[in-house]
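A quick write-up on the structure given underneath.
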């Protein structure tokens, strides 16, 4: 299979959608003439013109809300946020408007809206620019939250997202844009609500999403050298959440660890862990281990930031202390 | 009437019959809104209506005048003080009342309540309770009209208090830059809850000059004069349909009661209220109709009788309607 | 001891602070001439004048940020939000500005700011006006989050909050404003980070906060009739979180239930439960039970809203199914 | 110089010596900023500076002219393009560079980086990276000045792109209603990242007329002319201190390089850049100084030599400074 980057996978998904559906358009800051802060939309303005590739003012609250309105009006907007950190200035439009309008109207309105944004820390952008607000949005009924970890999933999940008739937060781990992976030329989609078992093993279940998967694979390799077979699971969508895959894995491994690359407290794994213990307490050999970023604002200094980010060593230490492996 | 220029009402005056029907319809709508709101007040006290309830009493001329100028394919977006706009758009009186009662027959099956009235078939897109939150939504609907290359437009209502939200500024700018087919309709009733406009806003009690700073054509109108409102709206609509981009209208009006049922409105003095009550469109407009012998007292009495019955029926309908089933809790979250 | 209402307790705390510290002032929408949407500030304008009781425009983002600036400039602002639901339009100023500015400045700035807001559902205000965003803010390092459940705690915690040199989200369960409780005339404070054991018992630990406590006491009474003694614990502050009190209680009861009056998914108890299972898995007789509001937008209809809210019966059913009690 | 009216610089021209020192100091500051930024660019390429780096090259006359008009007890708030403002406020060059290098000796111990420069002792309150996010903070600092009954003020810098954030609108309004002692200083460099002002903003490329719609006195100045900037700032400061409430200044300027190190600035054409480079204050100002024989080439060479050494020393200081200890991760979160 041909290898492409995570970025190229997203570009392909957008290009396809614009090509095949005239109701699809893209708007955001500097996505057109500038080509996009992370170049996901580069070339689209030239190909589809300013009517479908719309540069917006720096007014997140308003172009997010306008995305909801355009969707309610029959279009299929794809809105780019330059960073998920900037979602906060428009949070009301996502949480109170996009997520609630269908319910408040008794089902009269549907909002086929995709909000795309790079997420996560690790690039020394410090406290205000390294946030991972997909963890909060995953808790909002009415929204769906997607976080791919491979080019294959990025393309397949984005195809599903653009076809979906609900407001979707599509969070893209910024550190992965340049990463490569195999992607078939044949059309495929990746459904929501199905975690992917990226590696099978019977000794311990390792759970994360987004750029946490790289850490887990490093850990799994290390464990394998010691003869311990880890099952590595990528949630892929934080909402809907595929608890079944997690539960059945843990029931066979009797050990579990969850990893958040975002801050540990209130990370997506707080919910996953607490649900998992309710469903697997009779099978577990010990407590479910939680590893996540330290509960501090993101520092600029590289060594400090790397130390705040969870490392393979932290995961291994957690496994050691809980299960003596 | 001639002086009223291009408004449909006056165009119609070349044709007495049509004109009369239209004028009587405006009266019917205003009276319907007034009586509907009175009924809401009663049923709030009785405990049938709960949560926050914001009455439109005093502002009837704005909804009736502005909305009568629209086409069925135009969108309307408004805030939580939305009953008047809903009724002027001819949303089913029974289903509006049933929504306030939280019944299964309500427009939103009782899930939205007074602040969240929707009827997509009539392109009535809510009813929004976060101050200023409806403005970006309206811009998006206007963008849809433009993108789909129709000449439909979006009319968005908001209050003087909403102007102090950042979304007002951002939406005015976006609409102007993109030349969106949107009509910004400010109902300046001089108070945002207990805050008199001049206590919370720079630049005085007039808003339309500020709107002009976005390069948007802005005008002011007497919100107690339904025909004047209708006339400026006709003009604005014409201009927007012909591709002229956004227009801003400020209507000077007044709510005769408190902000919500919880508010005794102690922050206003009697004299101010009296000044505006003297301009009550439900006194002045019928007076004009009879004085200019456009309608007889009988015509008007007939209208009132029909409306009174409509409202009694609506309350009865709401009261007798079933509560939504518990399963409704989990529906309408995802499409 | 004299009985006063939750509202009066808050009024007393504000009045005291304004009386004793000239740097303290209050700002918010309609807190002055109107007297406050929930009348917490009524009478203060008359007593302290417009310089210290400031009515603001409906510009949450800006008066929240102005609160941060005024605090950084040496004052001690108390900012009222008419509802915590409206925090979203100013969320960036709370999460990115108030919480991060000390860290980003390397400790040069402190922000003695109290943000007060009614929180919670149950008054038929429907989807956009019934939110409980204290659960999100409790996850933000740099902020402290307080939620009292009694007049005694409301007064004692507010005194502590106003003296604290950090940005504090003080969430007031709107349904409790009229509730009464004993409050001594003598001065006292309630420290942050100390959960309160409102009722002692050895059979099961019941944990919640805010208006969840009423439900737990009803449950405890019912259990008592069956001879089961429940220990009822109020977190009082969501950040700092007093895990020690919870852990030692569970170690003696071997059973635990957590209750969120906010939505279950991502509620404050997701974190509490997942931490608790890590520290008490060897003591627990079964999984920690989680009860919370259904994961739906808040409906307007009264019966629907009441059904979404957790009831004593839901808590009892949870205990029954997990521990057969 | 007389024509420059009330500016200190010209007042001083009655006193050659003082005047000369002040003018040379303005030159020194602008040259320091320019060379500092060049050094940042190099050290970014070398990997010593990471994250987002936004250079101030081209806009030096704004920071130097505006900040030289302030008192030590005035507050300054700015955005992420903050090196120029920090150096004009005389923050320690070594500690600024060390912060960019992320070292323990940096102003924020290496935790804030380029976008978050703070020095509270000098009332330099950041360095903020959320566009428009610094405006409410500045209003709060101005409120503190007012509440404490001092005649200190707050100067807040922001860009043309930030005007499109709701916080701009809300803060202008609040400052005007409360008559806060705040100077809104817009650095209109004609682009917000890749977006030319006229592509994203209604009402053209001039912003000061819009500011006037808040009842705020607003003026425009040539941001490439340090003395003109100084003069309008002096006027504004005088007015604010005397209780006149907020003032808005728009400086027309240009950044000679990309938005950040990641930006090749393909969206601008050469001719536009050349137009502005011809107005480079680091060419025009020294030329004026020598032509008007206020200073000799030697004077200027001496200044450049000292600055060059200062910057070499700063880079050396930063490079040799220790990394913050890992314990610093957990400090400075709570007071």
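Going in written order, the chains are labelled A, B, C and D, and every chain counts its residues from 1.
One rule holds in what follows: a residue touches a chain if its C-beta (ideal position, glycine included) is under 8 Å from a C-beta of that chain, and two chains touch if they have at least 3 such contacts.
If you're wondering where the values come from, they're calculated on a predicted model, not measured in any experiment.
**Student:** Between C-D and A-D, which chain pair is linked by more C-beta pairs in contact?
**Tutor:** Pair with more contacting C-beta pairs, C-D versus A-D: C-D.
**Student:** Centre-to-centre on C-alpha atoms, which chain is most distant from chain C?
**Tutor:** Using the mean of the C-alpha atoms as each chain's centre, the farthest one from chain C is D.
**Student:** Where the centres are mean C-alpha positions, what is the separation of chain C from chain D, in Å?
**Tutor:** So the centroids are 42 Å from each other.
**Student:** Hey, how far is the Cα centre of chain B from the one of chain D, in Å?
**Tutor:** 47
**Student:** Approximately how many whole Å separate the CA-defined centres of chain A and chain C?
**Tutor:** Those two chain centres are 30 Å apart.
**Student:** So the centre of each chain is just the mean of its C-alpha atoms; given that, what is the distance between chain A and chain D in Å?
**Tutor:** Once rounded, the distance between the two centres reads 38 Å.
**Student:** Which chain A residues reach two or more other chains?
**Tutor:** 56-57, 59, 61-62, 85, 88-89, 92, 96, 103-104, 126-128, 141-142, 296-297, 299 - these are the residues of chain A that touch more than one other chain.
**Student:** Would you pick out the residues of chain B that each touch at least 2 other chains?
**Tutor:** If we look for residues of chain B contacting two or more partner chains, we find 108, 110-112, 116, 128, 130, 133, 164-167, 170, 173, 177, 199-201, 333.
**Student:** Spell out the residues on chain A that touch chain D in their complex, using ranges where they run on.
**Tutor:** 29-30, 33-35, 37, 55-59, 61-62, 85-86, 88-89, 123-129, 294, 296-297, 299-304, 307-308
**Student:** Mind pulling up the chain A residues that touch chain B in the complex?
**Tutor:** 25, 51, 54, 56-57, 59, 61-75, 77, 92-93, 96-97, 101-112, 141-142, 144, 165-166
**Student:** Please output the residues of chain B touching chain A within their complex, sorted ascending.
**Tutor:** Chain B reaches chain A through residues 75, 77, 106-112, 116, 118-120, 125-128, 130, 133, 135-145, 147-148, 166-167, 170-171, 173-174, 177-178, 331-335.
**Student:** Show which residues of chain B lie in contact with chain C when the two form their complex.
**Tutor:** 50-52, 102-103, 108, 110-113, 115-116, 128-133, 161-162, 164-167, 192-195, 199-201, 262-263, 267, 323-324, 326, 328-330, 333
**Student:** What part of chain A is in contact with chain C in the complex they form?
**Tutor:** 61, 85, 88-89, 91-92, 95-96, 99-100, 103-104, 126-128, 131, 136, 138-139, 141-142, 263, 265-266, 269-271, 273-275, 277-279, 281, 284, 286-290, 295-297, 299
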